[in-house]
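Shared chain: chain A. Partners: chain B in the first complex, chain C in the second.
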Partner chain A sequence: MTSLFAVSDHLPSGRVPIEALAGELGLTPMQVRIFRRYHGLGEVSRDEGGSLLDLLRGAVAGLAALRGREHLVRYVLHARSFPTVVPYPHDPVRELCAELGLDAGVPVFSVGHHACASGLLAIDAAGRLLAADGGPGALALVLAGEKAFTPEAAAVPGSSFFGEGAGACLVSASGGRDRVLSYAVDLRGEFDTVADCAESESEFQRIYGEALAAVVRAAVERAGLSLERVTAVLPHNVNRVAWHQVCRVLGYPRERVVLDHVPTVGHVFCADHFLNHRTARQRGLLRPGEPYVMAAAGAGRGATFAAMVLQH
Partner chain B sequence: MSIRTLLPPALSTPPAAPPGAPSSGWGVRRAARLVFPEPSALAADPVHAARLHRYLSDLLAPYGLAPAEPDATGQSYGEMAEALIGAVVPAGEQVDLLVLAHSVPDLTPGRATACRLGHVCPGGPLSFAVTDQGGTAASTALRLLAAYADSAGLRRALLLVVEQDRLPYDPGVPVALPAASRGVALLFGDPLPGERPLRIDPAAATATAAATAARSGTDPWWELAGLVADR
Partner chain C sequence: MTSCDQLVSTICELLPVVLKREVSGADAGTALLDALGLNSTTGLELVLELEERLGLEISVEDLGRDDFATVGSLAAYVADHLLADA
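For the complex of A and B:
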């Protein structure tokens, strides 16, 4: 059964107020005020002058469980919000693997096209690869996090601002601290637009809360559980109001949704779940044997809603 | 709305036989391969061109690089894949899983193309992309496809391998681009009456692909599609 053997994250020290991004993103002062007061967004993390490799290196540095287990790593997956994040054929993930001393023959690749829900896909995919290979002890290294290098990768229109940071986890097929119980995904390719389309964005915002709530409910039911038993939801850090809406639809207490980093960090691409995992542990929201949910909506010329139930 | 829910795989020791093993009839039922000699119509769209130029400028700047002058060339993997889906999925059939693989970036570098393909492909499959592994991305995609077929019951599965022959910038390091923009579609599944799917061992395919990694990402799959067509 797929499980998370260890989880870590990295946030650079730089912070930028969302007002400072308004000009670059073409936002009016009123729009920025709405983001701050209504959506609960305030600052975003930035690693000025740093690279994607720096971010990922930072996340892996916190993965103490990897030390001495490098030889057990069979796959390295980078979960991508944006399909193209470095010039081809540059490959910072492979550079990182070389630094870590991983076997040069280990497959290193990206999985994605689920936008910011790609992190959950990467965990599920890693577990299936390991299980198909068989044999206990093997691990996959899942990485997440990107640079907000262009306006398209700096904000989610009408919803959020991206923060720079990274997360990493070791996935096992044979046990660990956090076992995957189920995974639900709803791909909404009808929201794909190769050009900007206000109508599509408006419709996406309209169905957002219901669709995200639906995948959470579906994942919990597939795990054979009731929502009351879920001790915490680790969200994507899109904004507070979207998750409050999801809580209303689900009838789930909003104080158990880990929204702590929304105002101070922003939406850290696919790495939000790793960051929020640490925070949930620190807040005592993850208890041994109890289930929790990681969930995300990915929007970016195509929409994906996904949820995963895990048992701590 | 179509939510797919999956349970995690069970670990087998020793490994379970892959779906392509002789005990199962699962394999490549149909294949298609297409060349795309003409640039995508999207490449000539000025709105798209401006958006792409900004994206590429910001992508390349940290590397001290800059995009080439726009020349209305390049391929949309969405368009290529839609043509392949039309060529390989028989009328009335449905697909559970779609995996898109490529190495050279798309004309639309920010687009969740696989998500879109999940919408247009019959059956509304779970779809995702495997990239950034050079010429061996497709072999990893095949391993994933087999793993999902085996452990998640998504046995009607479509592997799409696409590559374009153009990179709109000088990357500043040696790069091998395909001689032509091509795409391959392999439709996997259990045999229907009268069918004899071509069985493929994902591990063996990975070894073959690794041995030919320096070639274009579509080459081994192009040849495989020819084999299927000749059967």
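For the complex of A and C:
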């Protein structure tokens, strides 16, 4: 059973108030006010002058369990919200692998097209690859995190602002820590035109809460559990109100959804779950043997709703 | 004290402001999303404009899509969620 052998994250120290981003993103003062009052967004993390390699390196630096196990890494996966995360020909993931002393023959690839739910897809894919041919003790290094280096990568119109940061985890095909009990995905190709069509965007907004709640429910049922037993939900940090809506649909207490970083960090692409994992541990929301959920919605070319149940 | 009727009337006054067009004959039963084409952004603008007009703060924590069904449902939400002076 896929498990997370170790989890880490990195947040740079820089913070920018969303009002300071309004000009470059063409937002009106009213739109910014709505983001602050209604969506609960306030500041976003930024690593001014830093590179994607800096962010990923910071996350991996927290993976103490990797040291001495570099030779066991069979795959490296970078989960991406956006297909292009650096200008050609930069390749920060391969640079990082070289720095870490990983075997030069280790397959390195990106996982995407589930937008901000790609982190969960990467964990699932890593576990399945290792189960197929990993060998004893084999590990996969899953990375997440991007630079808000274009207007498109700085904000989700009407929903969120992206924050810079990164997450990393070591996945194994079996193990006792943070075992993946189930993974459910609802791919909605009909929302391929959300960015271009007001009607499609309105429909996406209408079904968002219900669809995300439904996939959480599906994952919990697939794990043979009831939602009452779930000690915490680790969300994507899109905004506060979207998750409050999901809580209303599910009848799940919003104080157990780790939304702590929404106002001060923003939506850290696919790395939110790793960041929120640390926060949930610190808040005592993850208890040994108890299940928790990681869930996300991704909107890009098509929409993805995904949820994973893990046992801490 | 702000009554629901007063809120309906104020919301109807603000509709042309947020929709940036004339809106005639709106009342408590007018469907905001379907008939007037209010979307999530203009809906929230309406709530924030209402705060300014009333000089009161409205708790938006529990504000959901259903509350924007009609002018009357939004007025009912606002009446139940008025906080202190803005």
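Heads up, the rule we're going with is that the second predicted complex is superposed on the first by the 306 of 312 C-alpha atoms of A that agree within 3 Å, B and C clash if a C-alpha of one lies under 4 Å from a C-alpha of the other, contacts with A are read in each partner's own complex, and residues count from 1 in each chain.
Criterion: contacts are C-beta pairs under 8 Å (C-beta built on N, C-alpha and C of every residue); 3 or more make two chains touch, one makes a residue touch a chain.
Quantities reported herein were computed from a predicted structural model and do not represent experimental measurements.
Enquirer: Thinking of the overlay built on chain A, is A:Q205 touched by chain B (first), by chain C (second), by both, or by neither?
Expert: second
Enquirer: With the two complexes superposed on chain A, say which partner A:H244 touches: chain B (first), chain C (second), both, or neither.
Expert: second
Enquirer: Which holds for A:R33: it touches chain B only (first), chain C only (second), both, or neither?
Expert: second
Enquirer: Mind working out whether A:F269 is in touch with chain B, chain C, both or neither, as first, second, both or neither?
Expert: Neither chain B nor chain C is touched by A:F269.
Enquirer: Could you tell me if A:F161 is touching chain B, chain C, both of them or neither one (first, second, both, neither)?
Expert: The answer is neither, since A:F161 touches no partner chain.
Enquirer: Scan A:P151 for contacts with chain B and chain C and give back first, second, both or neither.
Expert: First partner only.
Enquirer: Looking at chain A, which partner touches more of its residues: chain C or chain B?
Expert: More residues of chain A are touched by B.
Enquirer: For A:L129, is the partner it touches chain B (first), chain C (second), both, or none of the two (neither)?
Expert: Only chain B is touched by A:L129; chain C is not.
Enquirer: Write out the stretch or stretches of chain C touching chain A in their complex.
Expert: Result: residues 39-41, 44-45, 47-48, 60-65 of chain C touch chain A.
Enquirer: Can you list the chain A residues touching chain B in their complex?
Expert: Checking each residue of chain A against chain B gives 1-2, 51, 78, 80, 82-91, 93, 107-115, 118, 121, 124-125, 127-136, 149-153, 173-174, 179-190, 192, 194-195, 211, 214-215, 218-219, 221-222, 298, 300-304.
Enquirer: Could you please specify the touching residues of chain A with respect to chain C in the complex?
Expert: The touching residues are 30-31, 33-34, 37-38, 158, 198, 202, 205-206, 209, 241, 244-245, 248.
Enquirer: Contact residues on chain B for chain A in the complex?
Expert: 1-16, 18, 42, 45, 47-48, 51, 54-55, 57-60, 62-63, 65, 76, 78, 100, 103-106, 108-120, 124, 126-134, 136-137, 140, 143-144, 146-148, 150-152, 167, 169, 171-173, 175, 202
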